[in-house]
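Each structure below is given as structure tokens.
Two complexes follow with chain A in common, the first pairing it with chain B and the second with chain C.
Take a look at the complex of A and B:
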């Protein structure tokens, strides 16, 4: 049997950046998994980081999610947005120092030219009165094979120490 | 990375099919992961799961879900299957379902975690489900099937084996 869960690329930030890109993603896998540990320079409650396949800024993104804050479970959704796959929730500078959120994003059939369902699970734990964990169902309506992932936070920066690991999964 | 995550079998449907089955599953791994992406042939249905073709009321499951308006938790006991979401596996937009069976070859009852992603441009639903199969038998086959009708052509399912490093 072949080994099928392999690291494609990683990026551990040594300085604050606006965004990073995983480019030239090989088409040799079936699915992609992104594991991220993220903190951003947002003083108020931090919300999200984005992933834009192929740097696509079209209105091709939507999600439905359910999340809990430690006191209540809530659901929300977002249709036809242009800001990318929004991965919620992540730590910001108002959260416990030196704490980074953890996220896993599963992108099946990334070589497909059809609409892609995507799953994510993200936790933003910190020692304050509110912390959030969220599971999201995303839909990416782009119809090109995914060859790159642009990752960033809107109008802000991803803080040094954040890390991103991109894996490929092969089904044969 | 250790050679611990391996494909056991994969199928891409060449025609509409009522049941996707993985059979003769080896006990060589520690855990199993099933990844299914696809659509229904004609309508909206619930994808259901059984193992070892057990149609008895030996399953239970608990769900957490959200549809953008209401967050819900529900459960079913003495069920004849584990539901992977609800009636949102449709014929227009693809769904993603993953299933992790833990210690599937062990001698205790078997538990699983199911993720169901069915966004429909902001009007869909997201599920997390924990399931239990009350049997001490090793899992040697898995059956996935819609509550009505068929999986559509092009639906893909892959079973992976995860071996402790």
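Take a look at the complex of A and C:
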């Protein structure tokens, strides 16, 4: 049976960093999946990290989101921003100590030279009665094939212990 | 010192380096933009909540019960 879901690269942070970049992503897959377990040094919960394909800082990022803590679901949208694919919600330092959020980002047809729809699912980990989860439909308006992914948090750092796994999907 | 990590997916090589001045400036600009965006989102949410409260008040003034208003506005 052919391998259709293959680990391309991974990193578990041994120290705090501003950003992590997966570069020279091979073009031999059809889709990409990024699985991330993240905590950052922001003293609030319900925060985000960004992903910038090809380090693109243009006004190329939009998303629609459904989010909630288990009782009422709320929607939100954000158009044409320059901040990257904003992946919500992740752990900050107000979350329970030593906990990390879980996120999965699916990037179909990453070699395409058209705009790209991208989906994500993310949930905080928190030992309280409330933890926010979100499902997001992103649109990345960049028209180059994706060869790198820059992951970061504006002005803050991603904390040690956070982990990132990039997978490639093949259709045969 | 703030650092960045790069993982070369072809070679598997992992490099860690200090941020460049340009990257530091980009991060500061992104943080300012994020703060502005968050403020705009909060203001939009507050305006929407105020409009809903105003609508509820006007419907109540027309004689609708609280349950009827809730049924209308969801």
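Note that in this section the second predicted complex is superposed on the first by the 166 of 172 C-alpha atoms of A that agree within 3 Å, B and C clash if a C-alpha of one lies under 4 Å from a C-alpha of the other, contacts with A are read in each partner's own complex, and residues count from 1 in each chain.
Please note the rule applied: contacts are C-beta pairs under 8 Å (C-beta built on N, C-alpha and C of every residue); 3 or more make two chains touch, one makes a residue touch a chain.
This is a predicted model, so every value here is computed, not measured.
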(request) State whether A:4 touches chain B only (first), chain C only (second), both chains, or neither. (result) first
(request) In the overlay, answer first, second, both or neither for which of chain B and chain C A:19 touches. (result) second
(message) Quick one: is A:152 in contact with chain B, with chain C, with both, or with neither? Answer first, second, both or neither.
(response) second
(message) If we overlay the two complexes on their shared chain A, which of chain B and chain C does A:31 touch? Say first, second, both or neither.
(response) first
(message) Quick check on the superposed pair: does A:78 touch chain B, chain C, both, or neither? Answer first, second, both or neither.
(response) both
(request) Using the superposition on chain A described above, determine whether A:119 touches chain B (first), chain C (second), both, or neither. (result) first
(message) Touch test for A:166: chain B only (first), chain C only (second), both, or neither?
(response) second
(request) Give one of first, second, both or neither to describe whether A:53 is in contact with chain B, with chain C, with both, or with none. (result) neither
(message) By residue count, which of the two partners contacts chain A more extensively, chain B or chain C?
(response) B
(message) Based on the A-chain superposition described above, do chain B and chain C contact any of the same residues on chain A, and if so which?
(response) 76, 78
(request) Mind listing the chain A positions that touch chain C in their complex? (result) 8-11, 13, 15, 17-26, 50, 57, 76, 78, 81-83, 152, 154-157, 166
(request) Would you tell me which residues of chain C are touching chain A in their complex? (result) 2-12, 14, 16, 19, 23, 26-28, 30-31, 33-34, 37, 41
(request) Please give the residue numbers of chain A that touch chain B in the complex, ascending. (result) 1-7, 30-31, 62-67, 73-80, 106, 108-109, 114-119, 121, 135-139, 141, 169-172
(message) List the residues on chain B that touch chain A in their complex, please.
(response) 1, 3-8, 10, 35, 37, 64-71, 73, 93-96, 98, 115-126, 128, 156, 158, 160
